[in-house]
């Protein structure tokens, strides 16, 4: 599946539609059916000891699934998450950026399904895995 | 299953162990195997239009499952979420508090399993449902 | 939410559209947004020791979510499961029927979301919980 | 992570501990942290039209997660599934074997977490994805 949006277009679109959180995320790479993103960590994302909070990990997985869907259907502000299953497997390293690798497994007319692995940058073992379903708006609403 | 901590003890404990987020949550009621909590909404929890963000809904469900577990095992700072499955079903009402009703379904030696329904206060139809698994630390670590 | 099909109509419809498995399941009760069903256990559903297998528990939860959806949209053979999250919490009692209590949480145009609790008949503590999403076919395909 | 059991040992062990279903499954390959298995399809796994049923897909994913866990901890009959999240994405091809590719993402003392993709043999697009958590028995019970 080839992407129809570039890294630059995806970052620009996030800045327009998610003004409040666009400073938190950066798209690094789009390649085939995968997207790599990162959380631009600040104090609000941290727990005592400097590790990244659960809601911040969820938020990165959620945005990554949205972005990899957009990358293949084009800019649509209205897609909504309908389901997320997430396994927290290891504590993220303190002081290390959190990276998401999202892979689009299905792109249907009504739904997309994405797998996401979260990593502390530079480490091989994933800190979390998630799968997310997005409801895609009908064409006339795009 | 009778609770071993009161509403006051749970709110105090949250204030001690989750200093950074304790101002975001309030335990309203503990009764048998259920806990009712609320998100004390502020700007950081909102999306354009005034609705509550996905990560904030996840965060409330996560804390509610933790609190209903604590209510039955006593104060243990080290319990960690290992899995969450969440369905987003309706858009929360703008300007209305978000309420969680958490029910402890299993309390084992190593794991607890909790069901959570999220509501916009005053409305019957839930905005989201979640199930969460917590890993309970061995007694010597409590 | 009032049901539009009766227990008899639901059992008849299952017999028509799922001929191969209709002998495995029985709808006991439909009331408001909930349905109670049972697995008619035979050897193929059992594991050594006489407990019910994981796939059989999944199968009962899946059919119960389908039936509670049908009960509210009317007979549509084409609805398909898109997602299931299931927690296995206790070993089912050997030699005791398995009961599902399914509650329809959302009935949208494209999706339904259902919560299911599975019980060994006569015992209070659930053996498993599941949440399932069904994709509902467009009206012209019903 | 290197495996500690061979394909032959895994198939033999399945035959011993899951006598009732061992004829349904075959381990094809073990390599690093992944296992490839197949469902040996017979009538009981099929739906009208010849496609494989949901419980049969769940059953293959469940056994594959168990086998990839065993492959790394050695033969332990007592490991139990505690959670499964599964997305059904495409209808399996009728008359084509169902293949599972399972990848062990975490092997802890108490829990393993595995990702599974299910394929109709010979086709690139997965028919389903699942993630499963297994509770690993303490060493003295192995």
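Each chain carries a letter (A, B, C and D) given by its place in the written order, and its residues are counted from 1.
The working rule: contacts are C-beta pairs under 8 Å (C-beta built on N, C-alpha and C of every residue); 3 or more make two chains touch, one makes a residue touch a chain.
The structure presented is a predicted model; accordingly, all values stated were derived computationally and were not measured.
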item: Farthest chain (mean CA position) relative to subunit A; value: C
item: Subunit B and subunit D, separation of their C-alpha mean positions in angstrom; value: 33
item: Intercentroid distance (Cα basis), subunit B paired with subunit A, Å; value: 24
item: Averaged-CA centre spacing for the pair subunit C and subunit B, given as whole angstrom; value: 28
item: Contacts with two or more other chains, residues of subunit A listed in rising order; value: 82-83, 85, 87, 89, 133
item: Topology of the chain contact graph, where touching chains are joined (line, ring, star, complete, other); value: complete
item: Touching residues (chain side subunit A, partner subunit B) in the complex; value: 18-21, 44, 46-48, 53-56, 58-59, 62, 80-89
item: Subunit D residues touching subunit A - in the complex, by the definition given at the top; value: 85, 87, 89-90, 105-106, 108, 113, 115, 117, 125-126, 129, 131, 133
item: Subunit A residues touching subunit C - in the complex, by the definition given at the top; value: 82-83, 85, 110-111, 133, 135
